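Look for chain A in each of the two complexes below; its partner is chain B in the first and chain C in the second.
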Partner chain A sequence: MTTQVTTPVAATAHGPAAKQIPSPRSRRGASARRQLAILPFLLPALLLFGGLVLVPILLAIYTSLFKWNGFGGLPTNFVGLDNFVRLLGDEVFTGDLSRGLVLVLLSVLVQLPVALGLALLLNQQLRFRGLYRLIFFAPYVLSEVITGVLFTMVLSPNGGLVNKILAVFGVSGQTWLADPGRALLTLFFVVSWKYFGFHMILLLAGRQDIPPELDEAGMMDGASSWEIFRHITLPLLGPTIRISVFLSIIGAIQLFDMVWVLTGGGPIHSSETMAVTMFQYGFRRYEVGYASAISVAMFLISMVFALLYQRYVLRRDIEGAVTKAGAMP
Partner chain B sequence: MSRRERSPLQALPLHAICVIVGLSIVVPVLFGVLGAFKDNGQLVTNPFGLPSPWVTENYSEILGSLGFWQPLGNSLLIAVATTVLVVLASAMAAFVFARFAFRGRELLFTLFTIGLMFPFAVAILPLYILLRQLGLLDNPLGVILPQAAFGLPVTITILRGFFRTIPADVEEAALLDGCSPFGFFWHILLPMARPALATVSVLAVVASWNNFLLPLVVFNDATWWTLPLGVTQFQGQYAADIARILAYVVLAMVPALALYVVAERQLIGGLTAGATKG
Partner chain C sequence: MNPTSLLRRRSFLGLAGAAAGAAFLQACHRDGAAASGKGKALEWWHIQNTDPMLSVWAQLAKGFEAAHAGVKINITPLENEAFKAKLTTVTQAGNPPDLFHSWGGGVLQQQVNAGLVKEFTGEAQAFLSNVSSNGVKLYQVDGKQCGVPYELGMVGFWYNKELFAKAGVSALPKTWSDLLGVVRQIKAAKIVPIALAGGDKWPAHFYWSYLAIRQGGVAGMAEAAKTGAFDGADFVTAGAKLQELVELEPFQPGFLGAKYMASDGQSAIMGNGQAAMELMGQWAPTIEAAYSTDKKGIGDKLGFFPFPALEGGKGSPSEVLGGCNGFAIGKNAPPEAFEFVKHLLSAESQRKVAAEGGVLPVTKGAEDAIKDPNLKLVHQALASATGFQLYLDQAYPPAIGQQVNDSVAALVARSETPEAVARAIAKTAKNQ
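Then we have the complex of A and B:
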């Protein structure tokens, strides 16, 4: 990068603008004075980010090396990596990992295709499509807590809407959230109810970025709708699909609110996630050292995943993303 | 658009799909809205029909109690304070990242963008310990400051993208007229960036409004509870009174849905920009 040049970064100043500048000397003085503004402008963001994002991460790494109930100043009972060893043998935690994997697979195999299908549908010339889009995306603005509380009642075994509907078809007495074999799947459906519209909107924006000339060219060459989808739309939607998958995975790693409200992680841990396990140990059972180790594990998992994903999956998209940046205010 | 117009008959299956998906969204919400106009007996005997008679106590009692208005006010105050703080701090930082050259700029910017893929839940426990040390528990700042900090990455990313589109000539002209960098930032750049500021503000408001985990651990005392905490508390308190809980849930939905209807463009624009640029 430019190390010595002190002109503004954005100084793609072309001829005319450059000519107006009076003398090189005063210009350099102004530039030097301008550089003095960097620190004051960055300071608030640096303080906030450093103090409340970076420090907590370091603090979690530190406290994860102790056996600590969370009370008193800082922990003293140093146990090295014991908490992490315990973590690997903890069936709830390893269960969290496999349940997380199930949630990710379900969202990639079920939620993503549905979102993609609806995005393509809403990209058609269709009456009311603005209304459809408005409704499909609406659950995204409701908080997970409100969605969760609403669905505990929609799914409640006795007066709940779902069972009342099923009763019309002669199916009765189903339990959704209290059945260990079903809780995770039910959780997935409620999470998807809230989030599919978000993925749909992303994919719709991606679809609208594909120039219509390409479809027309395909049509002129006699390609069928399926061939156009398979060979034009799908490859060009690749970057958006990869981002959508990325966000699903990061979302699954930190899923907390919805689980907490719907099932609390139960019954018998059948719908528990890493964040819920961490919360239980940290805020209910006062095993803060161990809970910190879970936090650190979550951090490492999301970090390693994000870096690998950026490196190997998103890499070929970065060029497009950079050139597109700024196009959308 | 030279796309083929569909005949109404061809479009029918497409509408059918949209209506089915739309119903799966609207029906649970409608179940809540209408259910809260019933009493619990009606909810069991008459789950699908309109309420008869219409029971308004569930709504009116909540609307007449502090247990709804106080969390609503708290949520509003915290959302506004968070938004002002994060947008201002981010705009200043984004200005530097977009328009100044200095050693380490890209490294620093990357550090901020790493926060984009950083789940909030990861930091909640150490954040709690830190806030306790700082005496910020049961203090709105204990929620506002961390929310602003975690909102920085996406806000900075979007604003930096926008600031880059403003031609350098504009700034050079301002500097020649004797404008200081701060003067340029405040009097020229921010007013020009109004659409982008609206977008990031909507994102920040929604994120703050829906936050649950942080207020849950920071606010022990009910005085500062936000709406999501109010909802869970109310649910715990009236466990068996489904109609009453539905009324609270429905009322708690109204502000978010109202904001959505007003600011749909900003919200969707911001989310797509945030996701594709991050």
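Then we have the complex of A and C:
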């Protein structure tokens, strides 16, 4: 909301130490000068972003129109949109899309409620509450590759920890990552194990932002704890939940490290994601043009999702960032 | 805050900054000095990241450095799959290492077409008359010598004599139906018949490749490679025969996700005596020992028999599927690289790798150093081979090779029919 600055010239004209209120024209000049002064500070980041993000994106879009094996400078065999047509007919890629969707749904329907439940639990006065928070957050600190290697050992059909524990209960011979029907779910489990702590901390922080007076007011009005949760806590946690879902979905779209280390995308593509397919075609089959087409597809999917999500779901939360209302003059 | 303390802090920060800057500049300068010619550095990437070959290569490199002052050899040992991934990125960036491992075939051809390797000409080429011609041929692209072998080997069945005896198997299988019978017998004795690294895919493609050359002959394979007709009847038959084996469920539990080189993978299972046989190349004994829990493998209990004959096939049982391990020289390499390769292929060095590393040498005159009786068997089979086919995932351009691996993996997982497998490979081949 802009405010009109009136120049009380009459009031200050006689004051000895009166500051000169700048006239409108020089105020615009000051704003332009301020922006010019900011530019050198922005320049390094802009250069890095341009060189390491924008240029490769443009190159990938260019390469995706060619059939190229990656050697020798620039591609020469122009095939137009052939790579994209092939993409839409490739059952591995369409399988990737559906597997990605499954991972997203599982994240929202399973991982999020678990993280939310734990966050609410750990917000209460418990002994060793700090210790629990530490333990649940710890998996997030491990690198994805280390987690993957760790779980290949834990889930090993021969002598892995999980099978040893199950053997005590008489269940034997389970293959987790080697079973085409189970590989995706096992993958989801490992990814959740790594990230649920992060979402839990996020939701915990959001929960702590809710003033306790609101809970007290609810209790005084005779609301049960479920009603307090449903009508006070949950709506006020809305922004945090929406951010958490956003991060989960973007993460699921570009999932690579964990898949590569755990299963390599197999068996028979049952745990493959778009990023893994892209890697296989680009670096194993030397079909860089096709791999670039996959990367362009990933880019479009992520960008469309991010824009639509910000416009419609996060609209109230980030008012002013993408809309004019509430912006600074 | 008084001015003097501010000044002291500023000068301290200034000193710290200057020190950091100096250290940084010195590090840059040191790199520069090494490349400037005071000492020649040779970058060598090989895939023997386990002993004994890890130490043997290092010793050979040291020997060369001692004889040639001023040359420093920087060795980077990498695991098989990691090597393929890493080499791809540097070759696509146009910056190959000076000396690197190569299997010849379609991948080498692509590297040659992109101008990334140096040719062996003149004196270096003359030296190769001492090396087995089968191996040397695998590294020729368009008549030019673009790499050299250091080992020529073949794929065959490595079996556990004790487990075979336990299951009551008295005779080694000579035909494919014999093999299926042996598998049934072993399975009935509650032993895992075959160890397979389904997760790595390439060990499975050995079965399909052998069945294809038994059915269509090495000549048939060469025909198909030229026209891309991998959907011919012979290839469908090969797939069908493999399907017969897969339906007996001969592999270890979790085979679809198992890797070859892992502590619970194919070679570990063989090395720990938990499976009766594996179809693998001549490096099998060494790798089995390296990944077994006692690091010794199954020792004398390990035996070898060649892939059996296929009834009704056009190919002869003395045709082998195999390949070479060898080197290629990168385009930026100094001339000392050729000298080093000559050193590595000298009869003396080859005797050392044969005796200590279990490598099958290619230089004539070094065969007497092979100590292992199994490897002697392999060497004999190689020497009397009437036809030679390079592993399919290396013989053809990478896209076809990977498709063979993927499609056979689907066949082994029983999710595709032999016809679909043959069609998928043919489609990729024709798309090239």
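Just so we're on the same page, the second predicted complex is superposed on the first by the 279 of 329 C-alpha atoms of A that agree within 3 Å, B and C clash if a C-alpha of one lies under 4 Å from a C-alpha of the other, contacts with A are read in each partner's own complex, and residues count from 1 in each chain.
Throughout what follows, contacts are C-beta pairs under 8 Å (C-beta built on N, C-alpha and C of every residue); 3 or more make two chains touch, one makes a residue touch a chain.
Keep in mind the model is a prediction, meaning the values are calculated, not measured.
When the shared chain is aligned, chain B and chain C each come close enough to touch A:G70. More residues of chain A lie in contact with B than with the other chain of the pair chain B and chain C.
After overlaying the two complexes on the shared chain, residue contacts for A:N158 are found with chain B and with chain C alike.
When both complexes are overlaid on chain A, the residue A:D179 reaches chain C alone and has no touch with chain B.
Once chain A of one complex is fitted onto chain A of the other, the partner contacts of A:L118 are limited to chain B, with no touch recorded for chain C. Judged by the touch definition given at the top, the superposed model places A:I201 against chain B, while chain C stays out of reach. Of the two partner chains placed by the overlay, only chain B lies in contact with A:Y132; chain C stays clear of it.
After overlaying the two complexes on the shared chain, residue contacts for A:S295 are found with chain B alone; chain C is out of touch.
Taken together, the two complexes place residues 70, 152-153, 156, 158-159, 283, 288 of chain A in contact with chain B and also with chain C. Those residues of chain B whose C-beta lies close enough to touch chain A in the complex are 1-6, 11, 14-15, 17-18, 21-22, 24-29, 31-32, 35, 40, 43-44, 47-48, 85, 88-90, 92-93, 95-96, 98-103, 105-106, 108, 111-112, 114-115, 117-130, 145-146, 148-150, 152, 156, 161-162, 164-169, 171-172, 175-176, 180-182, 185, 195-196, 199, 206, 209-210, 212-213, 217, 227-228, 231-232, 235, 242, 245-246, 249, 252-253, 256-257, 259-261, 264, 267-269, 271-273, 275-277.
Those residues of chain C that touch chain A in the shared complex are 84-85, 88-89, 91-92, 94, 110-111, 113-116, 198-199, 201, 253-258, 262, 264, 269, 397-399, 402-403, 409-410, 413, 415.
Residues 69-73, 152-153, 156-160, 173, 175, 177-180, 183, 263-264, 266-268, 280, 283-288 of chain A are the ones that touch chain C when the two sit in their complex. By the touch criterion stated above, chain A contacts chain B in their complex at residues 1-3, 5-13, 17, 20-22, 30, 34-35, 37-38, 41-42, 44-46, 48-49, 51-53, 55-57, 59-60, 63, 70, 118, 121-122, 124-129, 132, 134-139, 141-146, 149-154, 156, 158-159, 161, 164, 193, 198, 201-202, 205-206, 212, 215-216, 239-240, 243, 246-247, 250, 253-254, 256-257, 260-261, 275, 278-279, 282-283, 288, 291-292, 295, 298-299, 302-303, 306, 321, 324-326, 328-329.
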